[in-house]
Amino acid sequence: MRLLLLNANTSEFVTGKVADAARLVASPGTKIVPVTGAFGARVIATRTEMAIAEHAAVQLMATHGAGCDAVVVAVSWDTAVRAGRELLGVPVVGITEAALVTGAQLGGRFGFVSFDARSRALYEELVAGYGYARAGSAWRVVASRAAFAPGDTAALEDQIVAAVEAMVAEDRIEVAILTGAVMAGVARRLQPRARVPLLDGVTCGILQAEALARLGVGRARAGSYAPPGPREVVGLDPALAARFGGGPAS
Amino acid sequence: MRLLLLNANTSEFVTGKVADAARLVASPGTKIVPVTGAFGARVIATRTEMAIAEHAAVQLMATHGAGCDAVVVAVSWDTAVRAGRELLGVPVVGITEAALVTGAQLGGRFGFVSFDARSRALYEELVAGYGYARAGSAWRVVASRAAFAPGDTAALEDQIVAAVEAMVAEDRIEVAILTGAVMAGVARRLQPRARVPLLDGVTCGILQAEALARLGVGRARAGSYAPPGPREVVGLDPALAARFGGGPAS
Amino acid sequence: MRLLLLNANTSEFVTGKVADAARLVASPGTKIVPVTGAFGARVIATRTEMAIAEHAAVQLMATHGAGCDAVVVAVSWDTAVRAGRELLGVPVVGITEAALVTGAQLGGRFGFVSFDARSRALYEELVAGYGYARAGSAWRVVASRAAFAPGDTAALEDQIVAAVEAMVAEDRIEVAILTGAVMAGVARRLQPRARVPLLDGVTCGILQAEALARLGVGRARAGSYAPPGPREVVGLDPALAARFGGGPAS
Amino acid sequence: MRLLLLNANTSEFVTGKVADAARLVASPGTKIVPVTGAFGARVIATRTEMAIAEHAAVQLMATHGAGCDAVVVAVSWDTAVRAGRELLGVPVVGITEAALVTGAQLGGRFGFVSFDARSRALYEELVAGYGYARAGSAWRVVASRAAFAPGDTAALEDQIVAAVEAMVAEDRIEVAILTGAVMAGVARRLQPRARVPLLDGVTCGILQAEALARLGVGRARAGSYAPPGPREVVGLDPALAARFGGGPAS
Amino acid sequence: MRLLLLNANTSEFVTGKVADAARLVASPGTKIVPVTGAFGARVIATRTEMAIAEHAAVQLMATHGAGCDAVVVAVSWDTAVRAGRELLGVPVVGITEAALVTGAQLGGRFGFVSFDARSRALYEELVAGYGYARAGSAWRVVASRAAFAPGDTAALEDQIVAAVEAMVAEDRIEVAILTGAVMAGVARRLQPRARVPLLDGVTCGILQAEALARLGVGRARAGSYAPPGPREVVGLDPALAARFGGGPAS
Amino acid sequence: MRLLLLNANTSEFVTGKVADAARLVASPGTKIVPVTGAFGARVIATRTEMAIAEHAAVQLMATHGAGCDAVVVAVSWDTAVRAGRELLGVPVVGITEAALVTGAQLGGRFGFVSFDARSRALYEELVAGYGYARAGSAWRVVASRAAFAPGDTAALEDQIVAAVEAMVAEDRIEVAILTGAVMAGVARRLQPRARVPLLDGVTCGILQAEALARLGVGRARAGSYAPPGPREVVGLDPALAARFGGGPAS
């Protein structure tokens, strides 16, 4: 199986980190194909950057999607996942949605660890959009940029463990989710130090993508995920433009 | 007052039509500044096109937003409205949200007329995201491209009137909303033929934008709509890149 | 344009204060017609007083509504707004609904400042009824009667500013709403001291009423807002009774 | 036990009918005290009439509430029930809320029979306000005024039975609710002809009122249902004014 | 009237306590028939114990249900109440649902007192399942086993009173609910010490069961509560097996 | 990996069918361990049978769970899945929840095919309990027992294909879910004849169980899924009783 691991951030460092973690959890027969955004923010964290990344993500899908059995969008905003399902016709997994559906099958109340106070509102909007804005969800912000650059992350990991334990003790969470693609693989490493299941989106995303690809449901031929047919577009990268067939707007 | 009327579609015809309707409803002192998307679909109607348009819309805002008192995004998907609020710090109105909040103050059950069966699901997702997916909303699709090109639209208008009356009689709607930027001004013209208030997004959007601009609340300086500060971005149009201040990622 | 500014409280002092603020925000061509409740509470703040005010409000509408282009109900309970839409057939705006739809277009999480601990539950019920009982809304009670009588309100205004800042810092609100008709105009004055948009209902209500009146949708002729036809009523004020046409109950 | 049976309609005919049905279901030791609205609509069915009736209902409560152990508001709009709980400090039951909580304990999907197409929207708003706007609720309108005047109702009853059976067969309802105070006692008479539990609000309301009165919880002394203390009011009926203690507005 | 008071716990002590409280509130003509679970947990408090108790409860209903006019399931998890409605065709009341519908008719915000930190999540799930997971509900855990064995409960009762008052003062609750069958009768005793209505499930359950039995709606003959007809079952207690008619699976 | 495939129905035929389908989708290294309920209904389809099966399922888990890496409950009611998570401390997957989370990652509106009109209400309750009772879900009942016995199912399969296509064409569904454990493997076979993804619970359940087991999160040590510690129970099967440690109720 061939999985496109799409990092819409323009940070090769993050792509590398995510790809390493993905390979650890992927099945032996799965080939991970990591790609990095061609334009936009180094690390997407604002509304404007998210808007730009929607385009960057579909351009990556158009360019690298051929021959892939599924896509994992390794951006915690699940950038362009619905567009990708329409565009490619293979399963496209968002790492946040993957973590949420995984957690829903493991326990009750969710606790989220995020790494940037400002973007928490964006994350909450995303979770609510999936219907998982449950009463009683807890949040802790561990303000740190340590994960985004090479170097020792031991102090950060201690903070994460403490944040999870605080949510267990104070907010009675039953599942902890580490937000951010850059947390790839961290949950597994810290699990022994947590009293509840600890999830990161990339790990969950790889597992969900393999599961969905093995389903073999093929492309939708009706509804809003079916191929749209030839559409008139202008000014796009050739790989992306080619996906619209070059015909006139229907 | 100066209102940026942003059409993220790449159709100048639609921009012209929307601008004409906007000028009819705008206050005497309001100057309408229409702009058209630089890249993407002629008429945005699929998930992939919406993703591309997010970028096109923020690029337009960055390029043309200076000096505007408010923005009306004249695309029925309210493309990048939240990004725009963050980016520009002036009111940014989506035509669908504008129609919904207007309708909510006029009556109960909503009835929507759309012009493309496929995109109805996308429209429903948008409405639900605003919290207006009320039980009992009704929909009628009038499959027609007549509005997207010059020419007589009398037959289309008869179909719209019939669709609205059908929803009044069969589904007991109390407010009718014509979806699509291209319906700009049509509601007002057809109102005498409808038994319930008839709304189009562009008309509602201009009125809401003027109202919000007159509020004078200024720019948020806290939260997810505050200016993000210098951010590291790559590969963007200069006007858009300039909005990020050129600094390193915070 | 002629706007009926309806204060269902029986306090002329509040009516005067509200009318002054309304005139500040209204367009040059708008004439504000303030009226005061003929019976009921000086300041409506309990469930029983709200019940009485429903009647007082429709009686004011029947008496003074002729010739008005829209009505603003300047009571934070949005007293009888739906009845008024049915009764008069022109836009009837509630100041709380107006503040909510305005805020929804400006930011995310709401923070409310109220001035009476007891009535907060009533206010929450109203907000929930409009579908805006969002997870994470914040509240602060500034227990003070200073706004309801002539005199210096500087201390009160400092308390309001502090309450808003506390909600920004502690609860991450993105829009602040000052409840109560008596706050008319205060938001605008205090905006420079707040880091997020600051709204008061009367200001929002005037702007929404002008917007809705300019829409020109006319009277609903179907559904629960259509004219009810002759109805048999007894014991009412003549102006109100006249609205029912004097015929037998249909 | 003494139950105030409050008909806020101004129709003595309806009051008599409701009182007869109430006495059939009440316990032997329960005394039913029927009262009729002093002003307003003969039969409340529009938004304006509901607004007026809020006042009429609290006036009746103030005048006749002394010495009663509970109140049943025999108007299908549950007029002023929350005001009454605050005003009187004894259980105040709305017949629609009573039918809903009764039905919730008997089965799943609800089906409603109403007798006036126009007011169905108002009824739906009320049901939604109680949190019972469940997906899949069914409605049938039996347009008839037969119940509101003396005379044979056999044809009406056949229509009701047919409407209930249609909802069972077509909409898979599991509980049927006859709306309208005037249906008092009809459910019990028609039960043998229905395949699911058949409820009318007055019967449910009497049973709930007796249950709540027997609880003996007494008056709330905190929160929005506690006595409001002396309040300044003007222009009210003496019995109602007396409830506010004649003091200045707190 | 004959009420089956079903304790699915296997504790005779709890059954006795519940039966005593039930007899205090029941009408003079009501005969309380207490029964105790034949297998399972002494005191049901975990998910596995709840699963076992579902079976124990329907076995008790099958064995003792004949001739009863209604059933009160005196377990705070409302174990098997929906199964019982199907199985027996008489009203089956759950004590938690009974407390919720009673409280909903008395005030607004709920406050719950529970006696075991671990099981609070289970209780919240149950409340949410009934649609009563209202924003703002408050909880206090009074960790104590005193109620489950003979002996002085004065200290426990002081803790309960303090927990209720804390929720009134800090969380503005308007109705307090004591969870757990073992609290039977305690609410009534402590009411004078609480500023808001204080409810326990068994008391509310007996009152609701009497009300529902007096309705006389009889057995559903359609839908998911109708008798299922002969079904093929194996390995069941004879009384329970007999309810399935011994026929082949339909 | 060792997966316990738990059929709480007492039909060996269904167990065999489910196990065959499970082996087709399972990874090469996964061993499927099928077990059948020891008591209860041949095919669980009523509320009483569901109550009994809760006990049967936890007894099977206690007896056969040792050494398994995950459990798939192959009953469309997801019988005792939450109890199993608590009892065993390994992932326990319900086939309906698995189908829902799979479908949510593939498209929008769901369409369900069920095989028994009566039990549809139970299925809807289950789906709603998971938060997936989306507006616009569609249902079709294909009344047939053909799947529950050996023999030709071609006619049944044609009916399923027709039902799915009807929901695509009429209700605009984007994902189809075949309910019932007995549909195991049918979705995959019929996928080429459907225009949208077609799912059955057992296939989805095996894939989810493998994914969750590979996560390696281990046992919750806090919250309502942690081991409950010694509990006092009576009258249980020894394997189940042993799980409670034989100690006194805590």
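Lettered A, B, C, D, E and F in written order, each chain numbered from 1.
Note that in this section contacts are C-beta pairs under 8 Å (C-beta built on N, C-alpha and C of every residue); 3 or more make two chains touch, one makes a residue touch a chain.
Everything quoted here is computed from the prediction, not taken from an experiment.
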item	value
Given chain C and chain E, the chains that contact each of them	A, D
Most widely separated chain from chain E, with each centre as the mean of CA atoms	B
Whole-Å separation of chain centres (CA-atom averages), chain B against chain D	44
Centre-of-Cα separation between chain C and chain B, whole angstrom	27
For chain A paired with chain D, centre-to-centre distance based on mean C-alpha positions, whole Å	52
Chain F residues counted as touching two or more neighbouring chains	85, 108-109, 121, 135, 172, 174, 223-226
Pairwise chain contacts, counting only pairs that touch as defined	A-B, A-C, A-E, A-F, B-C, B-D, B-F, C-D, C-E, D-E, D-F, E-F
For the chain A and chain C complex, residues of the former touching the latter	120-121, 124-125, 128, 133, 135
Touching residues (chain side chain E, partner chain C) in the complex	108-109, 135-136, 172, 174
Complex interface listing, chain F residues touching chain E	10, 38-43, 45-52, 54-58, 80, 82-83, 85-87, 118-119, 121-122, 129, 223-226, 228, 231-236, 240, 243-244, 249
Chain D contact footprint on chain E (complex, rising order)	25, 27, 85, 91, 93, 97-98, 101-102, 104-109, 130-132, 168, 172-174, 188, 191-192, 195-199, 203-204, 207-208, 210-212, 214-218, 220-226
